[in-house]
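Next come two complexes, and both contain chain A; in the first it sits with chain B, in the second with chain C.
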Partner chain A sequence: MSLADHTRYRIFKDILARNIMFGLTVFSLLLAVIIGLGLYFKSAPILNEHSLWSMLSSSSWRPFKGEFGFYPFIMGTLWVTIIAIVIALPLCLLSGIYLSEYAHPFIKRLVDPMIDILAGIPPVVYGVWGVLVVVPFIGDKIAPHFVEYSAGYSVLAGGIVLAIMIVPLIISILTEIFASVPKELRDASLSVGATKWQTIKFVILRKSTPGIFAAVVLAISRAFGETIAVLMVCGNISQVPHSVFDSGYPLPALIANNYGEMMSLPLYDSALMLAALILFVIILIFNAVSRIILVRIERRFAL
Partner chain B sequence: MSLSLVIPEKNMRYPSEDINESTILTIVNNERKKVVPSSSTILNPLISVRNLNVFIQKNHILKNVNLDLPNKAITCIIGPSGCGKTTLLKTFNRLLENSSEIKITGEVLVDGENIHDRNIDVTHIRKKMGLLSQRPCPLPMSIYDNIAYGPKIHGIRNKRKLDVIVKKYLSAAGLWEEVKDRLNAPANRLSIGQQQRLCLARGLAVEPQVILGDEATSSLDPISSKTIEELFVHLKEDYSIALVTHTLRQAQRIADHIVFMYLGEVVESGPAAEVFNNPKEKLTREYLSGYFS
Partner chain C sequence: MRRFEELFFKTLMILATFIILGSLMMILFAVLKRGLPAMNLDMITKIPSGGFYIGKEGGLLNAIAGSLFIVIGATVLGLLISIPIVIYINIYLPPKSFLANITRLSSDVLFGIPSIVYGAFGFTLMVYLGIRASLFGGILAVTLLITPILIRSMDEVAKLIPKDLKDAALSLGATRYEIIKVILKQISPGITTAILLSVGRAIGDAASVLFTAGYTDSIPTSLSQPAATLPLAIFFQLSSPIPEVQDRAYAAALILTVIVLVLSLTARYYSRKFSKNKI
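Showing the complex of A and B:
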């Protein structure tokens, strides 16, 4: 092969590699669009039959009578997710700060892999643990102090199990974020006589605000979609929860529990597809909005 | 001329090895003047370092450093890369301890206090020294809050007092006129040179006695570094300034006192004119003539 040929061959490979990678990127992006469209077409029959708003705001779920109200499921999803974040976020912030700012390197070396292991435990194991430990604990120990009766299968149980599942995720992101704060910034704060805690409060947390926000968004997205572990402890009764001790029925649980059964009911399969579409759209809107907020935060404080 | 016998102050211990055979007693104008090796000829040093040894992960970084830094003057610490200049500077305000596996022996006396004393509050030591780092490092907040940060931390809450402080120290750093209309703008929108002056002002706002500069002008453009240099010269009337610098020219321009370090040891220290014009040590001479850097 002559030198010129060789050069041409190398350039050809370069172009080929670029185009293949571009194609694969477009394909994976298209996948999201295809899923969205597929869900939309699959749920079209029910959307033709009932108005979207009436289904979103109705609380009655009686597939046999052709009543499909999604309100309890949407509320169930929101309750579980919010409870999980409320529990997990303070815990993660404080342990993240401890690990990245105070912990001895030895402790850090010990804890980091343990967090990774926690993140790797399959959700169903968390679910079983929730049924065996969290549910009875709530039913026997906590709930009696507040409400007359609760079996323990509740949005609180779902929230706790979910919180434990997202803790490792948030902690590992947060420690990364805190580690990325430049050392000079810490030195600058310390050298005017600030204590470590003041430095963390006023400088490091402030500098990390966009990162913390992004971590929370990621955790919430994960929590929205988490199915099996929540399904096992939530009670799965289609009602709008009024307290944390009430049972709930999140959207993913609805889909997972019912898809493939009772498909002979008219519109049933379409209704479940609509549930999936709602979940999809919630996550999409949530991510879009949080992205906008993130940009605002960064611009506002010029971080 | 008044009596200029160097009398060790109450709290300052001068180990005997400092006064060795080169200690000469001379009679000047019928007054007794004791000439001790260059490191001890300073009257009322603000920072005195005695037998300081620093180990980082078992590497002996600073080796038996003995040093006095004069009050209200600029001391430039020069020497090739990796000779321990920055480590020495960071030992002064105890920032070094934040890294892991540090061992420090010996004494550093600042204004008569041993900074490694068990009973001493680290923040108290650090408050005495404004640090100017290599790259300007504004805190992620507004220009105003950057200056008010230190005073707030030390308990000043009164808005009017803070306003006065902010104006005073921004002016001292020559930045007031440039930023007075946008005090609430984020600090990192300033140019790099302005940011460095902001950091200087932030350090001054806690009313330190010492300004430490770790190659404070090395990332700045020539005009900004000239501004900073001029500020240093102006500020030495009220502060004791210690600068680590890589540029010999800068040291020649502004230093009153020179400390030359090599491989973790202080090779020579003394008044700038003396060290530059008539270095005693061969190593210093070679370094100054650009033999190595």
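Showing the complex of A and C:
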């Protein structure tokens, strides 16, 4: 092989590699579209049969009669998610501020790995904890003060388990957001006589509002899609919960619980795929919005 | 008054941190307390024998092996997809390229898609291709689940490669394809961390394998056989009314937790070690 040929061969390899890699990159971009389309095609049969709105607003879930009302499951998901956010957000704000503003580096070095571990614990283990600890605690200790009877398998149990699951996600975003507030702003506030807490309250929190919003939206979408842990502690009764001690049946749990039977009834699999599609679309939008906000923040302070 | 407010909120903050750490301790304690008594050598060396699900002999080797096969398969496939993408957006594309940024954004977004959706999509894909619940199906769904994690965490490291390094290699006459070797060497700690992170996520995830991998009492010997997984072993056995079977769920939870703990601590050690050597 002459030198020129060899060079041509090297360039050819370079171009070939570039095209393959470009193809893979485009494929990864299209993946979201492919997933959406795939789920849509599977849920098309039921969408032809019933209107989307009537299914979302109907409460009757009787697959044997061909009635697929998603309303109780959507309410179940909402209850669990809202409870989780209400518990997790104050915890994370307080702890996040503490870790990034007050805590001694030694404490940070101690706490950070533990938050990492919390993030790494599998959902099913959270579920085991929920069954062993949270459910009996609610059933025996809390619920008797408020309602006549609750087995403990409730939207509250789901909310508590979920809250702890989303804590690492929110804290890691919050500490990054707080760290991105320029030091000059803090110094300016402190130099005019504000206390550290006043600086946090009036400068840092105010500057971080978009970031906190993005963190909450991300956490909501995480809570929305969590399946196994919630499935294990929520009770899974298809009803609209009226109190935190009622059982609920969130959408992901519905999909996971019925996969075995779904091939036996007409439209059943289609209904479950529609549930997956609804989850997918909502979470896709939520995620995209919050990621775009976070990228903007990162870019603003990177300069 | 200002002092009081400061003190009040600082107390709350410390309290909140303690609640979070306390929950972690409670989770680990609950799993240890119920898992350790149920743990024995049979659990990790035997597959379920007859009567396992009414409390007789056997172990969880089927689930451990199934989980390992799926995770190894998915990680290899995921790396084959993600490494070229990371290389492409960091070497071939100019910095601040639109395509690179949109790829990063999209893998961030895909990272947030719940595993049940990947499971459901994997299932539709398998119906379309005519595959039954099998090891292959599980690997497929888990690959979809972990590829965004792999891309994102390798990209974090690849972004930090000094531009001079690329320029030096290119100015010596290397093609961009030929400098991949240099780059891969530079980001190898990042690749390790990415693998550990995604293995941790993949091994603990139940919802993605629920439809796609199925469940079986034996160790799969080919890609078309169903495979049991640890998370599903926990999930199914916990719903049994028999206490002995429930105990096995706790033993499985203990095994899974230990695996995940080791993975996440190792990942942390690696990324720390790497950031020390950073320029």
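Convention: the second predicted complex is superposed on the first by the 258 of 303 C-alpha atoms of A that agree within 3 Å, B and C clash if a C-alpha of one lies under 4 Å from a C-alpha of the other, contacts with A are read in each partner's own complex, and residues count from 1 in each chain.
What we mean here is this: a residue touches a chain if its C-beta (ideal position, glycine included) is under 8 Å from a C-beta of that chain, and two chains touch if they have at least 3 such contacts.
Since the model is a prediction, treat every value here as computed from it, not as a measurement.
Student: For A:I173 in the superposed arrangement: first (chain B), second (chain C), both or neither?
Tutor: After superposition on chain A, A:I173 lies in contact with neither partner.
Student: Who does A:G193 touch here: chain B (first), chain C (second), both, or neither?
Tutor: first
Student: When the two structures are overlaid on chain A, which partner does A:L39 contact: first (chain B), second (chain C), both, or neither?
Tutor: second
Student: For A:K207, select first, second, both or neither according to whether it touches chain B, chain C, the two together, or no partner.
Tutor: Once the two structures are laid over each other on A, A:K207 reaches chain B alone.
Student: What is the contact status of A:A276 with respect to chain B (first) and chain C (second): first, second, both, or neither?
Tutor: second
Student: One more residue to check, A:P105. First (chain B), second (chain C), both or neither?
Tutor: It touches chain B, and chain C stays clear.
Student: Counting touched residues of chain A, say whether chain B or chain C comes out ahead.
Tutor: C
Student: Applying the document's definition of touch, where does A:I97 land relative to chain B and chain C: first, second, both, or neither?
Tutor: In the superposition, A:I97 contacts chain C only.
Student: Regarding the shared-chain residue A:E184, is it in contact with chain B (first), chain C (second), both, or neither?
Tutor: first
Student: Chain A residues touched by both chain B and chain C?
Tutor: 195, 198
Student: Can you list the chain B residues touching chain A in their complex?
Tutor: 93, 95, 98, 100, 123-124, 126-127, 129-131, 133-135, 137-141, 149-150, 153-154, 186, 188-189, 199, 202-203, 205-206, 212
Student: So in the complex, the part of chain A that touches chain C is made up of which residues?
Tutor: Touching chain C from chain A are residues 10-11, 13-14, 17-18, 20-22, 24-25, 28-29, 31-32, 35, 38-39, 41-42, 90-92, 94-95, 97-99, 102-103, 111, 113-129, 131-133, 164, 167, 171, 195-198, 218, 221-222, 224-228, 232, 252, 255-256, 259, 272-273, 276, 279-280, 283-284, 286-288, 291-292, 295.
Student: Would you mind writing out the residues of chain C in touch with chain A in their complex?
Tutor: It comes out as residues 2-3, 5-6, 9-10, 12-17, 19-21, 23-24, 26-27, 30-31, 34, 81, 84-85, 87-89, 92, 99, 101-103, 105-110, 112-118, 120-121, 123-125, 127-128, 144, 147, 151, 175-178, 180, 200-201, 203-207, 210-211, 231, 234-235, 238, 249-250, 253, 256-257, 260-261, 263-265, 268.
Student: In the complex formed with chain B, which residues of chain A make contact?
Tutor: 105, 182, 184-195, 198, 202-203, 206-207, 301-303
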